[in-house]
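You will see subunit A twice below: alongside subunit B first, and alongside subunit C after that.
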Partner chain A sequence: MSNPLHVNEDKKQGRFNLNKDFIDKYGDLTLLFFIMISVFAIMAIINPNVFLSQGMMLSIANQFPILGLLTLAMMFAMVSGGIDLSVVSTANLSAIMASIIMVQYIPADASAGVTTLYILLSIVCALLVGCVAGLFNGILVSVVGIPAIIVTLGTMQLYMGIALVLTKGKSIVGLPTIVSEVGAGTLFGIPFPLIIFIMFVIFSYFVLNLRDYGLKLQMTGSNPTASKFSGINVTSITIKAYVISGLLAAVAGLLMTAATNAAKADFGTTYLLQAILVAVMGGVNPYGGRGKVAGVVMAVITMQILSSGLGMLQVSNFFKDFMWGTVLIIVLLANLFYNKKISKLS
Partner chain B sequence: MEPLIEMKEISKNFGGVKALENVNLTIYPGEVHCLAGENGCGKSTLIKVLSGVHTPDHGEIFINKKRYKRLHTQESIQEGIQVIYQDFSVFPNLTVKENLAMGYEMSNNKKLVNWKLFEKIAKQALETIDVDIDINEKVENLSVADKQLIAIARSLLFNARLIVMDEPTTALTDKEVQSLFNVISNLKRKGISILFVSHKLEEIFTIAERATILRNGKNVTEQLISELDTNQLIYHMTGREIKETTYESEFNENQKPLLKLKNFGLKYMFADVNLEIYPGDIVGVTGTLGSGRTELAEAIFGIAASDSGTMEINGEEAKIKNPRQAVKRKIVYVPEDRLTKGLILEQSIERNIIISTVENLLKKFRLISDNKVKNSVDYWIKNLGIVAKFPKRNVSVLSGGNQQKVVLSKWLASEPDILILNSPTVGVDIGSKEEIHEVIKEQARKGMGVILISDDIPELKQNCNKIVTMDKGKVISIDHISEYAMSR
Partner chain C sequence: MKRILKTNEFYITIVLVLLIFYIGSQNSTFFSINNWFDLIRSGIVPGIFVIGTLLVLISGGIDVSFPAIAAFSMYTTTSIITSLDFDVPVIFAFVIGALIGLFLGFINSIFIAFLKLPTLIVTLGTASIYSGFLLTFIDDGQITRLPEAMTNLSKTRIFEITTDYGTIGIPVVFLITVAIAVLGWFLLKYTMIGRSIYALGGDEVSAERMGISSVKIKVFVYCFVGTLAGIAGVIHTIMTRNSNASDLLGGELLIIAAVVLGGARITGGHGTIYGSLIALLLILIIQNSLILLGIPSYWQRFVIGALILIGTGLSAIQVKRSLEKRNPIMTE
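Our next item is the complex of A and B:
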């Protein structure tokens, strides 16, 4: 009996017919959703006055988009069957390119209109830098054929090196005030970084989960050989994944600059490992082939609620790390058991 | 004679599925016993009960009259039961002598390596089965057949009294099968029993003395092979009669060829292949390993492009450098290795069916249309009779036959002109095999050109109108089926 699973479909169908479609579509997400809600509820119960205040909500909404975008960037690389360790370096390099343009090229007496034009130019440049960085990663991974972890470990150093040379190791400051104003601003009461994040969540969702490209990317990530034998252009699919990863990283870099009003070669290096962990927690398969945008979003929000909540309780930073680690392990284990259950149910 | 092993009324359930139901198996010392049945009939489960991997829910096992309610793997090995699994469980990065002697020395609780002793043990082990393999060669450099012999030799070091071979001939060439059979006869003379698990009819008739046949987890019959004929055996295995057929192209020969190869070649692989495929043709290609038949197929499909000669598709010269171009030119390929090349196991049945045609299933903004996907998937599942009630489940849960039908439907959905199949029915049960043959013939009748690569000569005789024989990278003959039948 090589595999008994296909035999029992008949019997089980009746019993699980009702929620079969639901589990097929959202099975892996329900668990994450409940964890997110519980973490929120626990924090709200511990200190409702502070945690449920508008200030706290705004602070959460301002903070998680950067990690969120970096995690989405990581997700694309991981779904392709690789990893992108250069996301933070790419983000910083893009932010530095934008900052250099804004600081050095905007004439001192420029009008608001001219300044805005220059800022738009610098944003376009930053996004281009992100795409080129991703393209370079993608070519090394899929054309040259070096393992992604090695390639991006190298380019992580390379991009940071370029950034260090450009800035001589110092932060770039003195950006036009409009940058930090927009960065801290709101639209219809929604913080600007959150709006940007939502835009790119929708973008990622379309690309990964709704379009044919996303399907091919997932198939390629699961098994590049069989995908090639199915007539998929594995090389181009993989390169595109890294370009998207670079683009999302560049957007994260711009948000970092807007939040801090500065750019530096080694900003936010702790984001790297967090992005990998949150991606895995959000259901991205570390072996490639699977990833859902909704899962990543929920995972990022959960971790930010936890982080801000612990901050509110004034626990030490060491304990925060401990809690992060604990929650991540719990989610990974829960996912594992849950998935086993689901596969038995089939 | 006293039986060596008696398994009585063994039952085993997997979460409500009856994998085995009151199954009996009796093996006498020094006999070659065949355990036959289609895929999924419970053969593997029964072996795993015998080797101690699975605990039976019901039943008892007698080994030399000693009664066991269940066997632990250690007990099973101590009782002299050795299983040679399909992947042989050898260490590819170690040498032959290390593979042979290490487990033996470790089971004797030796902590240090004595190389001289290692050599002695290894040589003796190979001598017992009378084969000659360089003991200092790394196992990864050996052929599949030699790896298997290493595994057999190793099992003898553990005083095996019963060697279970789980589909041992799947990856062997005809010649290698012959030498494996010699080894088996050798073992038999030494009084060692063999449980030969297979669904290949010819082999069963060649090597086995008695057969236990399972179907759907139940005993069908236990009989001497000499009392059975092919049709009875097929009937016992499948529960239905399968008739012998032949195939003739209904298209006349004056048409333009769909595919024409002229002096087609690839360095070190194959050379000077001249071949024409007409609509309605099912061209069988056969030849031993190293004949270049797989390389030829993969060159046509663009996996490793040919470097000499020309290819014409519908009368136009074409160069195909990668599979994408081949698919665009309506040439598709069902690879030999279904599990790593044909299917993406971790993905759903549905996705595996639509993967090559997803571009035809889009709506606005290049979004995938769920409706079109569902229609296409439902159509192919129904059309090819794929047993899959949950198309969103991983394709890995399907049986071999259904998996192969998924690969076929992936390509048929792209409406190809030329379908190349490489050993499409290996590891597929007889029922599905027949259904796959029917699908191929039906497509050919509609005007498709088919290239069918196979080791299974009866398969080619039943389904092809032309047969190409290759050897060492050259085509040695192209016969019409009537000439082929007469020439052998």
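Our next item is the complex of A and C:
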């Protein structure tokens, strides 16, 4: 590519050039798209009556937003060149904050308007908690200089610890009924969690691709030293990535609370590994620097189709784990051979 | 002397000693033989895990699949021996367990050493494959009737003491952990392989230029960890006198935390057996004995998380300072 002669050659063969550019840019996304469609088709062929039913589609649409948001959170940390093992703990801590406000501070005889106001307040608090948790991660990673995996391993324990101390290990129940109504509700026929997810997908795409910040973040992730010497404020870029990660985790936490109508310090701990898996499957480079929102979205939908489809076949959760692991390894291998082929092409 | 003052091991030891005396001064049951035997017993299996994890971290990788490997070898070994109704010496169980662990570790090393895929992601994947395979295809309920040889070993103890509550003692399998710790120490300090692991973790490119085969060393490390996990699994089943396929799973992050707290760096090239074991003891004391101070058990995680951050934070700041002194041009 660096050879100027190649540029000439490419210009002569315009069509080939276009194809190659397309493969370079969107090849992995196309691959993912086909995987998603095939998984969907296989499940639809195995049991069309159940799988294509409205109930199944609704349940899929209700389930994947939580994992999707956690994966987006993971993606921002990974693109910055780190990882965020504290996403689930952050989600739970935020959800617990919101639940405590809703359970303890809403007066028993409050009118609907007052209740809504308190709920809004609790949502704002939860998002703030998520941002602060992310800020703390970011400062430890980029200012103090502890490796991200260790920082978030520690804060994972710390945040879950705070949540345990706040709740004394019990789950918080008795939330206002409006919470679960919204959680299970739809808007124009689209499930509410899905709407939230779409909103934050657009937000993530905007931040990562359409803002100056996104480019700087990807540069920081692929080579922090070079970025530093080219005048990028690596510290602030990294901190912001973790704040965004914390914010997205907090939203996921709120959705978890809305779905279960409760909050607990150790909800959803299996999401952690799944989020890493889906992020890698969606083409996020675990060494940092590269990540595509579209890839993550397709990966999370694929995994949810696979998971719901397997559930339809009445297989155990353990078999699902087995499948998840197998898919992850296959994706890693596919990426490996695919990248080798690409580098041979150019 | 100055070098000792700079190590994580030194600070961890001080914190440990202070904590021991503080808890002891608040509650005298902490110093009772009972409590210490409990602590030692709870450290037997994690102790082996810690040695394996330390080796992986020094080599510059990370392995989260060892609890899955341990559970896999533990359950498979017991069910092989019980189903065949073998009346075999107990060493047989250890050999099978170790071989299964070796095999699963070797699978990890194929992806990591030969295909050079990222270690965290690979072991996350294999961990869910191993445990998923075990729980779906092999698991057939708890095995409560262990083979006789294993039950007999579980009753064998060293340092038996009779108290008011009955006889207590340290299981003889504790000696295996000690032996593995000594082996690990010897390996890391006095063998070519051990020094190569440090070199590889320090800088892979320079290590290769020195003539160290990174593939061979990585294969060795992951196979070694697998084997240790297999042995640890068998020990776990012997100590609890039953074999439950979902035991042991999910403990990986705390073990990694212990090793990191003990001075190993996640970027590789640093870490000692002594530091890791001391840090493990610290975590075990927090888990088992915080309650003696009247602190409710739900504070455990908070304390452990804070310890990890403070411990690694201090050493990160030290590294930064020493870099600034050595190379003033590189930083700013």
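Here, the second predicted complex is superposed on the first by the 328 of 346 C-alpha atoms of A that agree within 3 Å, B and C clash if a C-alpha of one lies under 4 Å from a C-alpha of the other, contacts with A are read in each partner's own complex, and residues count from 1 in each chain.
Convention: a contact is a pair of C-beta atoms (placed from the backbone, for glycine too) under 8 Å apart; a residue touches a chain by one contact, two chains touch by 3 or more.
Keep in mind that what you see is a predicted model, and the values were worked out from it rather than measured.
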item	value
First (subunit B), second (subunit C), both or neither touched by A:185	neither
Contacts of A:157 with subunit B and subunit C, given as first, second, both or neither	second
Partner chain in contact with A:218 - subunit B first, subunit C second, else both or neither	first
Contacts of A:329 with subunit B and subunit C, given as first, second, both or neither	second
First, second, both or neither for A:229, with subunit B first and subunit C second	first
Which of subunit B and subunit C A:290 touches, first, second, both or neither	first
Subunit B versus subunit C as contact partner of A:145, first or second or both or neither	second
Contact footprint of subunit A on subunit B as seen in their complex	14-17, 19-20, 39-45, 217, 303, 322-324, 326-327, 332-333, 335, 340-347, 351, 354-356, 358-359, 361-362, 365-368, 387-390, 392-393, 396-400, 402, 410
Of subunit C, residues touching subunit A in the complex	62, 111, 115, 117-118, 120-122, 124-136, 139, 253, 256-257, 260, 265-267, 296-306, 308-309, 312-313, 316-317, 319-320
In the complex with subunit B, residue positions of subunit A that touch it	1-13, 20, 24, 206, 210-213, 215-216, 218-219, 222-223, 225-233, 285, 289-290, 344, 346
Subunit C contact footprint on subunit A (complex, rising order)	83, 85, 140, 144-147, 149-151, 153-162, 164-165, 168-169, 273, 276-277, 280, 286-287, 315-316, 318-326, 328-329, 332-333, 336
